[in-house]
Structures are given as C-alpha cells and as structure tokens.
Amino acid sequence: MGEREPARGPVDATQIPRFAGPATFARLPRCDEVDRCDIAVVGVPFDGGVTYRPGARFGPAAIRAGSRLDVDPFGAQQVADAGDIACNPFDIAEAIASIEQAAGELLGRAGHLMALGGDHTIALPLLRATHAKFGEVALVHFDAHLDTWDTYFGAPYTHGTPFRRAAEEGLFVSDRSAHVGIRGPLYAKTDLSSDAELGFTIVSSADYASSSIESIAGRIRDRVGDAPVYVSIDVDVMDPAHAPGTGTPEAGGLSSRELLLTLRALDGLPIVGADVVEVAPAYDHAELTTVAASHVVYELLGLMAREAA
Amino acid sequence: MGEREPARGPVDATQIPRFAGPATFARLPRCDEVDRCDIAVVGVPFDGGVTYRPGARFGPAAIRAGSRLDVDPFGAQQVADAGDIACNPFDIAEAIASIEQAAGELLGRAGHLMALGGDHTIALPLLRATHAKFGEVALVHFDAHLDTWDTYFGAPYTHGTPFRRAAEEGLFVSDRSAHVGIRGPLYAKTDLSSDAELGFTIVSSADYASSSIESIAGRIRDRVGDAPVYVSIDVDVMDPAHAPGTGTPEAGGLSSRELLLTLRALDGLPIVGADVVEVAPAYDHAELTTVAASHVVYELLGLMAREAA
Amino acid sequence: MGEREPARGPVDATQIPRFAGPATFARLPRCDEVDRCDIAVVGVPFDGGVTYRPGARFGPAAIRAGSRLDVDPFGAQQVADAGDIACNPFDIAEAIASIEQAAGELLGRAGHLMALGGDHTIALPLLRATHAKFGEVALVHFDAHLDTWDTYFGAPYTHGTPFRRAAEEGLFVSDRSAHVGIRGPLYAKTDLSSDAELGFTIVSSADYASSSIESIAGRIRDRVGDAPVYVSIDVDVMDPAHAPGTGTPEAGGLSSRELLLTLRALDGLPIVGADVVEVAPAYDHAELTTVAASHVVYELLGLMAREAA
Amino acid sequence: MGEREPARGPVDATQIPRFAGPATFARLPRCDEVDRCDIAVVGVPFDGGVTYRPGARFGPAAIRAGSRLDVDPFGAQQVADAGDIACNPFDIAEAIASIEQAAGELLGRAGHLMALGGDHTIALPLLRATHAKFGEVALVHFDAHLDTWDTYFGAPYTHGTPFRRAAEEGLFVSDRSAHVGIRGPLYAKTDLSSDAELGFTIVSSADYASSSIESIAGRIRDRVGDAPVYVSIDVDVMDPAHAPGTGTPEAGGLSSRELLLTLRALDGLPIVGADVVEVAPAYDHAELTTVAASHVVYELLGLMAREAA
Amino acid sequence: MGEREPARGPVDATQIPRFAGPATFARLPRCDEVDRCDIAVVGVPFDGGVTYRPGARFGPAAIRAGSRLDVDPFGAQQVADAGDIACNPFDIAEAIASIEQAAGELLGRAGHLMALGGDHTIALPLLRATHAKFGEVALVHFDAHLDTWDTYFGAPYTHGTPFRRAAEEGLFVSDRSAHVGIRGPLYAKTDLSSDAELGFTIVSSADYASSSIESIAGRIRDRVGDAPVYVSIDVDVMDPAHAPGTGTPEAGGLSSRELLLTLRALDGLPIVGADVVEVAPAYDHAELTTVAASHVVYELLGLMAREAA
Amino acid sequence: MGEREPARGPVDATQIPRFAGPATFARLPRCDEVDRCDIAVVGVPFDGGVTYRPGARFGPAAIRAGSRLDVDPFGAQQVADAGDIACNPFDIAEAIASIEQAAGELLGRAGHLMALGGDHTIALPLLRATHAKFGEVALVHFDAHLDTWDTYFGAPYTHGTPFRRAAEEGLFVSDRSAHVGIRGPLYAKTDLSSDAELGFTIVSSADYASSSIESIAGRIRDRVGDAPVYVSIDVDVMDPAHAPGTGTPEAGGLSSRELLLTLRALDGLPIVGADVVEVAPAYDHAELTTVAASHVVYELLGLMAREAA
C-alpha cells in the first residue's frame, strides 16, 4: 500500500557545485533521509590497532571529502550514508565489540554494508556481522600484507591479525578465499606456509607484471566460485605512488587502474559486503589516496548494486 | 504552549570521538534538527571574485573540518549549521543575487548569520541581507587590504570591492566603521584618501606593534559606539605564518592571538552578523588556517550568543 | 636579402646553470628576441571555467618553471616564448574573445601555437584561431573526461563544454577526431551516446591495460588520416599519481610514460597546433605535474618541429 | 682511582657535517659510549593515549633529526642519548608500567632524565619515577590544555588526564605548581575550578599579550619557590604557526621565542627532570616543530646542566 | 638632448592579472627594456657555501614568483630586473670572482644593487663591489647567526664566514656595523668575543621581546651614524614560522612584522646596496617565505628609492 | 678458535615497535656491535656535484628512516650499518678522495659495501675502491640519465660524469656494462654515440612498455656474463610519481615494481657492490621515495647475501 519512494542519488551537481553541499559519501542522502537503504556506506574511524603510522581514524571523513567527484547514480538501488560508528579509541576489545554490534544493527536496517576504515582491525567485527547475516563468505582480500599474523606485542586483535582470527572463528570459507596484491620482502617462508594453512591462495603484485587483469580476475572468480563474497581492500595494495596516505606503505604495488579494473572484472559475483581501509590522510597529498579510495568504493557500490538488483 | 526544546550543543566528545561524527561546524546540530535557530552558521562556497589565488570555494567545508576541536556550549543560544548556499561559480552577478536571497530567507528563520566564505565578494550580499533586517550597521572589517577598490578588469563586484559597493548602497554607517589590520606597501596615497572618504578609520597591523590590544579594542569600541555591528574578517588579516591558506597573503600581519584577543575585547558590542572569509585550503598546512578560522568563528559565536542572550 | 638568423635554442646550460636564467619555457628565447618564430609557446592563464578545484591560472608560470630540465634543440625550427595572453578572470565570454583575438594575432606572426593553460575552456578560442588559419582539423583529445557537456549552471562556456561548442561551430572534422584516456565511472550512457554523435571515437584508459601503445597509436593515426591535427591534452589524462596538480583528478589514468610514448608514436602526423591544460600547481608536489607537463609540451614541440621542417 | 673521563659533547661539526653522523639527540654520544651520564635524553615513542591526531610515536626520532643544528657543549655535565623506551602500542596500562620501570632504571644510572614524547600520557609514569628518586616536585606545565580531565571514553589514563592522576597519587606539591600557556575556548568553568582544586595556578597565553616575560617568569618562580622542579612541555603550548606538528592544535598560542625566553628566565631553579611531548611529525612542515622542540630540549638541558653543576 | 624616458613601474594589474605577465621581480621591466636603471634587482643563484640544507640556488626565481603581489610604484626612481648572475656551482672561489665581477659591471650601469640570493657566501663579493664604488660602508646585518666564523672544513669562503672575510678586507666600517636578530644557543662565548673584535654590535632577537621597534631602530641608527649603509638580510632572522624556506632554521626569531617595521624605521639612512639571502624554496610552504622575502626586498627598494631621490 | 657469533638481524619488531629503536638501516646492528660484517651499509652524504636540485646530503639519514618497515633476516650473512662517511661539502676533489679512502678501509673489514648516497658523484670513488678489491666489474647502471658527460662548468667530477671518468680509469669491463631506464628527450645524438664508445648498451624506459621484465633481465644477464657486477641505482630511474624526492626528475620512468622485479630477476649474478643514490628528501612526500629506495636497498642486500652465501 503506497508506492516506494524512488531511489535517490547524489545532489544535482548542476544545481549545487561539487565543492558545496552535504559531506556524505558522494553527496548521497543520509540514511535518515530515505525510506529504505539497500546499501549503507558507514564510517568506522578506529585506528587503535596500527603498528606503524596511525591516522586512519580520519579516513572516513577524508574518503567522503574525496568522493565529491563521484557522480553516477546507482540505478534502482538506494545507497545512503549511515555516518560513523563511534568506538572507543583506547580499548581495542571494546571497539571491536562496538563495531560488531553497530554493524549488526545496521544490517538489520540496510541490505548491505560498505564500510570505510579505519585500520584493518575493523575487518574482524565486520566479518562477524556479515557472517551473522549471510553465513560463511568467500573472502577476497586486496592488500600488500597478509594480515594473518598471530599476535603483536601480545595483542590478538590488531591490524595485522584480523584474518587469522576470522579463520579461527570460521567466518569465511577456507578454500574459497584469496589475498590479492601481496608483495614482500616482508614475509618469511613461515609466514607464507602458515597463511596457506588458513585456506588462502595468493595473487601477488608481481603477478600483475606478467599476467593480464582478465586472467587475474579469472583466478579470483575460479577461487570464490559461487559463494557469497566479502571484499576487503587495504589501500596499501596500491603502490604508494597511487596511495601515499596509508599506514604501512610498500613499494612495488598495484596502480589504481589495475585495482579498479580488477574490481570491474569481478562483475556478477554475489558481493554481500565490503570494506576499504587504512586511509591515513595525514600522509596523503592533493587527495590522491582519498580520490582513489572513493573510486574504489564507488566501484564496489556498483558491483553490489548490480548484484543486489 | 509547550516548552521550548533546550538548546543543543555539539555531540558529546566522550561518546563520539572528535574525529568521528557529523561534519557540521563544531559538530553542532543541523538547522533541520532543531526547533529554533538563534544563530545559523552558513557556508558560502563562492570564489569567483578572487584576483590572485583561488580556492576559497573549499573554505566552508575546510573550516568545518578544522572546527572539530571547538567544544564549549554556547549557553542558552541555539547555534546550528545551515549547510551551504549554492551559487553559480561562473556568474558573479547571479551568485551575489543568490547569496542575498538565501541569506535573507535564512534570516527569516534564524536570529543571526555567521557566514563562512568563500571570497570577500560575498560580504556585499550578506551586508544587504543584514541591512534589510537590522538597518544600517557599523562595519568592523579585519583585513590586510582595504577592499574598497572601485573595479578590477572592469568588474564592479570582486573580492576587492565589496565595501565600496556597500558604501555606495548605504549599507553601513559611514562614520562608525573601521578597517583593522591593514598593511602595505600595497596602498598608494590615493587608495587611502579615497578610502577615508567612504567613512572608514584604519587601525593598521603596525599599530599592534606599538599599542596594547586593550587600547586597540578601545579605539574600535569608540568608533562603533552603540550601533549594531557587523564583523567581517578576511583571514589574511593574520600573518601568513598563522593563516597560510588564503588567496592574497601579506607578510607583517596579526598573530592569531592578537586577532582572537581583539575579538574577545569587543565583548558586549551588539553584533548582529559576521563573516569569516578567504580561507583557501589548498594553500593550508596541517589545518593551521582552518583551526585559526574556526576559533575565530567560535569567538564570534560567543560574542553573538552573549549579546543575544 | 640578407641571411636568416640561425634558429636559437635554450641558453647554454654549461654557462648558465639550469636553476638560473630566463623564466621562459625551456629557457628558450622570447618571441621579441628572434627574427622569426616557427612555433610560439604561449601561456593562457585563465581558469574561470573550472567546476571543481581552481588554480590553473598559475599553470603557465608553473609549467615554465618545470621546464628547466628540457634541453635538446629543436633543429632548424625556431621555437620561442610569446609570454602570456592577458584575459579577464571575471568574465568567461570576454576572456574567450581575448584569447581568440590574441591567438589569431600570434598566428599571424608565428607558424604554430603551443598553448599552456589555463583550464580547458581555452581550447575553444584556440580551436577557432586554428580553424581560421588552417581550416578544419582532426582533434586528438587526451583527457579523463569527455568535455562535451552542454552547459553547467546554465553556462555554455566552461572547462566541461569546449568540444561540444567546437563541434557546433564546425571547427573540427567530425569523423576524424578521438578522445584518448577517457575513464569513468563519471559518464552515464547518455553522455557517451551524445558524445558519439559529435563524431568522436574513444580510446579509454582501460584500453591501455590490454593493448600496446603501438596499437593504440595506430587506432589514432587511422582515425585522423591525413587531416591536419590539433592535439589538446588535459593533464588529468594522466593518473593523479603522475599529475596530482590538476582540477578534477580521476584515479585509474595513464602513466606519464604511456602518454609520452603515445605522443611519440604519432610522429609524422601534420600537427598544426596544440595545448596542454588544467595544470593547477597548488595541488602539485615537487613539480611532479609540471615536469610531466613540460615533457609533454616538449614532445609536442618536437612533433611540430619535425613536421614543420 | 683513575680520573673521570672528561664530558663529551656532540661530534665535531667541522669534521663531520651536521647532516651526517649519528642520529642521537644533538649528535651527542649514546649512553653506552660514556662512563657516566649526568643527564640522559630518552625517547618515549608512545601515542596510544591521544584523543585527536595521533602520530607522536614518531616524535622522538623526529626531534632527534631536528636537533642536528644544536651545537654548544653543556660544560662539565655529561649529556648522552639513552635511545627509546620500548612500550606496547596497544595497551595503555602496560605501556605506562613499562615506562615507569624503564625510567626508574635509567634514573639509577643517570642523574636526570630529559624525555622526548610521545603523547602526554607519558608524563604520569615519568612523574612516578621522578617522585621515587626526588620526592615531591613542583610541576611547571606548559600546554594549551589543562590535561586534568578525569576520564575519556572511560579511560583513566590518556593524554588528557596525566596531571589529575598525578595529583591523586601525590606526585607533586599541590600549591607549588603551575599551568603556563593555557587558552580556550576549550574550557568550561567547571574545568577551571576543578583544576584549581588540584593545586595549580594558571598563566594563560593571553597573559603573554599584556605582561613581560620577566614578570611571567617571576610568577612561575614565586610559585615554585625552592621545591625541586619538573618541567613538562606540550609543544602545543606554542601557536600552531610555530609548532604545527602536534595532535590538538590550538590557535592563539605562544611564539617559540616566548617559550624559549620563559625557560631561559627560569635559570637557577633546581630542575630535576623534564619532558617535551606531543610532537606529531606527520603534521610538521620543514622541521618547524622539531627544530623548535629540539631548541626547547636544548634549553632545558642547559638549565639542568647549570643547576646540576 | 632628448628627454629622459619617465620611470616605468610594474605592468598594470588591471590589464594583466597578477598571475600572468613577466616573471621579473614585482613584474618590473627588465634592465634591457629601460634607458636607465637607478636600482637593479639581480639574482645570485649560488648555494655552494651552505653547511646544512642547500637549495638557495632556487631563491631568486622563487622570490620573483612570490613578488607578484607587490604593487606600488617607486616614484621617480627606475627599478628594473637585471636577471641572474651565472656562477659556477662547483667552485666557490670561481663563483665569488664571477659575482664580484658581474656586480661591478652592473654597478657601472645601475645606481644601486638589490641582490636576491643565493646563500650568504654571496655577501662577500657583493660587499667588494659595493666597496669599490662607494667606499667603506656601515653594515647592518639581519640574521639568526653571526656569519663570522673563520673556516669550515678548511674552507675560508662559506655562508658562515663572509663577514669575517669582509672585516679582514676592510670592506666595512668596523665601529659602525651591527648584527640584528642574533639568537642562540648556537654561540659559545668565544664566538661572541671574537665577533666583537670585528667591530659589530649585537641586537639580539630577545631584545625584541623587551624593547620597542622604535628603540631598536634607534640603536641601529645611532650605530651607523652617517656612513653609507649596506643592508644584508638572511631570511633566517625571521622565525621559521614566518620563513620556513631557509637553510639553517632557528626557533625564537623575529616575526615578519618586526623585520618589516624595523626596516621601515630606518627610513632616511643612505642605503647604497642590499641583499636578501638564504631563501631555500624546497622548504617553503604556500610561498610563506618568498612573500615575506619579497616584501622585505620591496621595503629595501623603497628605502633606497627615497634616499636616492 | 671459538665459535663465530651467529649473524644478527634487525631488532625484534614484536618487542620494539618499528617506530622506535635504533636509526640504523632496517634497524640492523651497527658495525661496531658485530664480530664480522659480510655486508656493510654505509651512508655517503655528499651532494656537492649536483646540477639542479641539491639535497641528497640528507639521503642516507632519510633512507634509513624509510627502512623501518624492512624486516626479513638475511640468512647467514651478517649485514650491519657502518654509519656515514664524512666528507667535505665544499671541495669535490677532496670529498672524492675521502670517500675512496673510507670505502677502501671499510672493504678491508667488510665483505661488500652497500652505499647510500649522496649524489651520483660518489659512484666514482666507490668504483675505485671496488676495483681495488675485486678488479674490473660489469657495471649495471639504472638511471634516467647516462651520467657520461665529459665536464660541466669545467668540472670533471660531478653527478653527470662519474661513468666517463670510470671508463677512462678502466674501472669496469667495457663490453659488459649497461644503462637501464634511460629516457629522453634529454640526449642529443652525439651524447648517445659518445656513450656507446664507452662500452655501454642501453635498455631504455620505453623498452619496459614493450618487453617483459623477464626479457629485459635476460638482456642484462647476457650483457654482464660471468663478470663480477657492480649495481649503481639512481632513484630517478623510477618515475617521479614513484620517487619524487630526487634532484633531476624525468617523467616517463619505471614504476617501483618494474625496478624491484628487474633486480629480483638478476638473482644469481655475482654482485660485489652497489649504491643507491640521488635521494633528495626535501622533495619527497610521505616517504614515497625513501620507502622505495629502502626496498631497493633491501633487494640488493638480498642479492648480495644469497650470492655471498
């Protein structure tokens, strides 16, 4: 009874210049302004788990500021901005609990979450909330680093450990997951074999130098099969030239074009949730990192919107 | 009938960290979230009138981002954020008309306006709207430059001319107004005498080196007398060391402390409106300029709130 | 009667260090210092047509400063620096008229123009002046964006519309022109089909990930055939990693090497004029953008010089 | 039996250029290179207690890099660099315990500590170690902020609370301590009265605009009397123009000259320990903050050396 | 026979925007464009004598770029830009000889020189050329450092030694010279007494905190008496907050206002030559340093022009 | 007699955070802390030979600071940090002599040297010392420029001439050497033919656009054959997007991944020494260049360690 309000897009750039208007992602409506929300963009400004350069707490605001040039509507899907999840900057365990709870509540109201970090610690509670709604997922993880360390300074929950914890908790399908963009000299042989036991396959950054994006995307698609997919993207998967504003930069990474085209080539996969993390704007220049990150978010929203449609 | 909702302040920083939460000025509520609005903070992202470094179109968003550390409540007065006035970036005359109209409408709903520029061109339509509601005002103008040129490239409305136009339109009381912080070598003798004819007195930046802030504030207070006051602050009144993010930097300016203490010493004057303009964040560093600008705005809000109380 | 003065190159770097000497492009002579001028490098410091980050008004001076490392002589052709075209920063229509007139006058004295922007608005009057001297040209347009919008805020002449206006005015051959480097998600389907009607073909940035530069250059050469060519290069065709100092950065772009090699592969085409636009130095770092832009200009000068020889 | 090795100063700048040589503070010897250590400079790279911009974990390394221009020998006193205290970045309580223990051990081997932060959280364990060796001290605290909040997000130990905890633990003499440089609008009346109960007097930044440095130093000297003194300096006591590289910048602060001359005017006070904290180099420019901080450290070392002599 | 051409000022900013036009100082004519030249502004891009941060070789170009906002004509005096003196970057002795010779030749054609450095090494050959034309001068030297060291790494000619060499060569009047703005902890007692023997008096930066600018200027005027004056200004006399772009930054310096007002208070002194040195633009931000330096140059030109008139 | 101390690696990052601890390369032990040293990392902070942007004197300290994320142990080989070679900043000849002598002494105590520049001038004395120990080497030279000019301003020893001097001195095998990454338009035909006479082959940056890294590495391996290899890497071989912090940036260069993978593909070659030069940190951003440079150093250490094992 009664028609659904048509999905609303960003404010009209021919009426309100891109440098004006709301500070939401892509100048989309806020969640409280729309009847329903197919995909909620939500900030998670937590960086208490970083081991090197901190500052990802300013990531969500910065990605939103960098998203003002994103323009295309998402078709029939309603994408809206849910604001930030407030979490305790001094207590990792409490922050993780807050994020899990808030994400769970949001998933009660919204179809899917597109999270803006924050450091990679937040992937664990996001995966928990995703698992609670969608069950086991295939994890496609873009990163320079494995993030499957065990502990650091005795801490089990840091930005270097989320996927080990997630594996232990059975949050993703062990033989359907992949790391993409990994590069070293950071990893000892033990790291790699220990990682393999968790069920990941690795597409390295070096693979991009010798394979086409099509074939890389093919490897990822083969890996995930028909499982629902969660995509977690640490912006340091890109080379520091393309994403300087991050906490643990690693030379030899992907160009932004390689990352964006890889995502585009995943079109059709059933993506149920995603995060883009480790944007540390204090190290950014001229919005290089946040423009790239916001394009990545935009691409993910498109994948989710088409899938959800 | 029915009690007024108590005034609402910024979101609680012990619940939502300062780096999270809404992107409004000082994380105050939006105008659409409150019953009444004693003072509306409004962005005017227009910089089509600049003669040197452009970029003040990004000023309102940047001042808001720099205001996250502002914290104290404003007592019984309700301060809220009215968002931005959209205006045509390609047509100065149309933009001025839009600003005048939007400011007038806002002043119908809010007691006072605290405008965030934008370049100094916007002072003219703001003064028109102020005049329409409050009549002739005393103008206290903080700036490195007089902004009373006649035309530039034949254009009557630019960031160098608002106060000549305002004088011609009779928007302020001619013998109750002052320029504060002026410095040269920018001005020829003809500029100064021509300016004096418009009814301004000048407190130069050099005066700060030989007079106490108390005596300078005394000169300003004597000048304005008991007229209602409009305060227009070009951030380039501060030295570029304190406010690098601006369009026409001029060495030899005020420190941020000199500016803030001068404002504080104006306590009790009946301030009916104000603007802070010429923040060009592309030239800022580490939020130097926007933190200073947001403190200046905060101080002005305090002056207005106490006066309005 | 009398011999022609031999062509003069940059000042000798073994006598005057690269960080000293004239501030002309590549330290070449000024037009008023040479008898004849085969190619005039001319600045067009206008940015009144930008929709996002302004500042390209400082582009010509910055590109010249970034060109001090360019060194090789241009053979028998005399390249000289014609300084800047002064144009009204407050009135787009008047500025366009000034540029058209000044460019026309320069083309009366110089063989060809190599223009340094300024925003992309300037391509329209430059194309008009080019058309007046050389007739219809094939347009090869490197850009992240189509720049074939109709209007913006009601304005027909902005940096997003020059090629729609040029098409309407019949300034280029409709089936011999190409956009190179286009990428989205910026464009709706209607944009693309509307653009196709104007007679452009598109080589996207994504095409560079799957095709060799040779084959891309081949597509461009096939397209332009034997028509005289005007090359218009928006530096945002490069990825922001390579050209951060620009107004509407778009991740996923060309590397500077891809751009330079594509140009080099156009050797032999009859290039009659060119522009390099949208350098906004306030967003640059360590002359990244201006060094790349000056190399691009240098490459274009070489193409023109060899063709003109 | 046997003579004491003469005190050693920095490496000789006429033999080893200032941009070469060891990365110790002022290129002084390491503690392990000298027989005795009258004053140990020690880094405490902990920033887990910050409420806004993090990054002071990189402070000690950055202050050392900024100290290469510090040159004068410290007379007969041996000053040496003790390296960094390693502490857990993820657990504030554990970090505080580590710092207290390490500082205590260092004070067993060295006469005095000059600590380089890190955020202001570290002042608490440093005061505990100082108290254990020297008993109750007069605390002279330079800062924009009081740092006497009770808790934040429920956390008792953060960079906003060290002096409340210290007061509760009786680590300083309650009527002999002073805050210097405090400024608002950050503080509500309740903050100030609550602070006064802890036994502090306040010299505000505004006081510097109306009083001579001599008289301000006189107020501080009167306050501390003949008690042993601990000096804690948050670099945000300086205006952001002078110290942009910090976590909670506050306009309207002291110039570096005001701070340095105030310290110099404390000559003769029995200073038993000191810290310089809240240098966040990610926000610094051209070593502005670290050069100022290293000069401040240098001044404190001079005060301690003369006193200890 | 024939009238003298009237003095020419900068290009008209109402016809050619400040961001366009020639890259000369203050957009003044070049020396080769005018009949006579009362004051020649000349760049000396040499930095081979620096002991810490190099880069002052880019100073002249950067000061010119920062001078576009300088506007007022210099009355009847013709000021023109003489370009740069080319000098060997690899051989200090040869460079000094080149500078002396070129400055001497320029002084044959121009009344006075206003030199833009380059590092402070250049003051020696400039003083030699000045001495050759005007005889012994009173030297007024603004600097954080004495620059009267003897040698450094065995080198007699560096940026730390020009005034010792000049004293040895009898280039200035020994009891009529002054250092202004000196600060340390940089100087040992022996440095100061050794310096005093050269005939300098010292006005320290600390003196500015306790004396009025009027009284400081009085001390300088008393010192120089009626001797012809050479003013040498190292921009590091300003605090790094005001002039970050320099080679040996020293906290606790003068504000740009203090420097500019001190110069203005020297009006009437017979200034026969001047230099502004040690601008290292790689460390500058938003033209802070170059705008301040160009204002200082402008002030010096005014002093010379009024004196010469 | 007695067992050899086991090789020691970096300090343990799980005990001492990466942002703390010693400022040695990769936080490795200092040479004076270990019994033997298979590979010594040594800084050569000399930049007196640069022709454009100076500042590589700060390169060694900056590369060390950027190397804190390098982590993997080097197996049985002991790598240690030998600190900096002090050299006269004012006298190129004396500096070259100092470097040659110091490098020779180090090679008496250490197996191999891994030098951190400094400008490319230092390659000559390093090659001399290498030749003295290992005889003629094959030189693999990564650079945008040939560095085989004859003189500059009459100077035979600059950063543009080391390999011509080295060829003249017979320090490398003339038909076994290669330049990699060269690009123009910097070189005239005479430069190239003159270079070929010195015995170099050239792999250009453009070659990377059309060949696989495998084939490029194959060309290099074929060229060097079984000669002992010295690798000299100017960071400007990378595109300025990847390495902005350098003295003579040249667009169109290698990505950091291309450089790192090329090095990795040289595994097995008998590398006897290496340098990484021309890091000028004043032009760097967010440690882009120093992180890339430190990864390059790390890769070279790995090649040397595996070869030496």
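Should a chain be cited, it is by its letter among A, B, C, D, E and F, assigned in written order, with residues numbered from 1 in that chain.
What we mean here is this: a contact is a pair of C-beta atoms (placed from the backbone, for glycine too) under 8 Å apart; a residue touches a chain by one contact, two chains touch by 3 or more.
Keep in mind that what you see is a predicted model, and the values were worked out from it rather than measured.
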Neighbouring chains common to chain B and chain C, by label: A, E
Chain copies touching (chain A, chain D) - same or different residues, decided at half shared: same
Separation of chain B from chain F, taking each centre as the mean of its C-alpha atoms, in whole Å: 55
Averaged-CA centre spacing for the pair chain E and chain C, given as whole angstrom: 40
Inter-centroid spacing, chain E versus chain D (mean Cα positions, whole Å): 37
Multi-partner residues of chain B (at least 2 other chains): 17, 19, 51, 57-58, 89, 152-153, 239, 241, 255, 283, 285
Category of the chain touch graph - line, ring, star, complete, other: other
Those chain pairs that satisfy the touch definition: A-B, A-C, A-D, A-F, B-C, B-D, B-E, C-E, C-F, D-E, D-F, E-F
Chain F to chain A touching residues, read off their complex: 13-14, 17-19, 68-73, 212-214, 239, 241-242, 255-258, 260-261, 264, 285-288, 291-292, 295-296, 298-299, 302
Residue numbers on chain D that touch chain A, as the complex places them: 47-51, 53-55, 57-58, 88-92, 152-155, 158, 282-283
Sites on chain C touched by chain E in the complex: 15-17, 19-23, 43, 45, 57-58, 60-61, 64-65, 83-87, 89
Touch list for chain E against partner chain D, complex: 51-52, 151-153, 184-188, 205-206, 208-210, 239-241, 244-245, 248-253, 255, 283-285
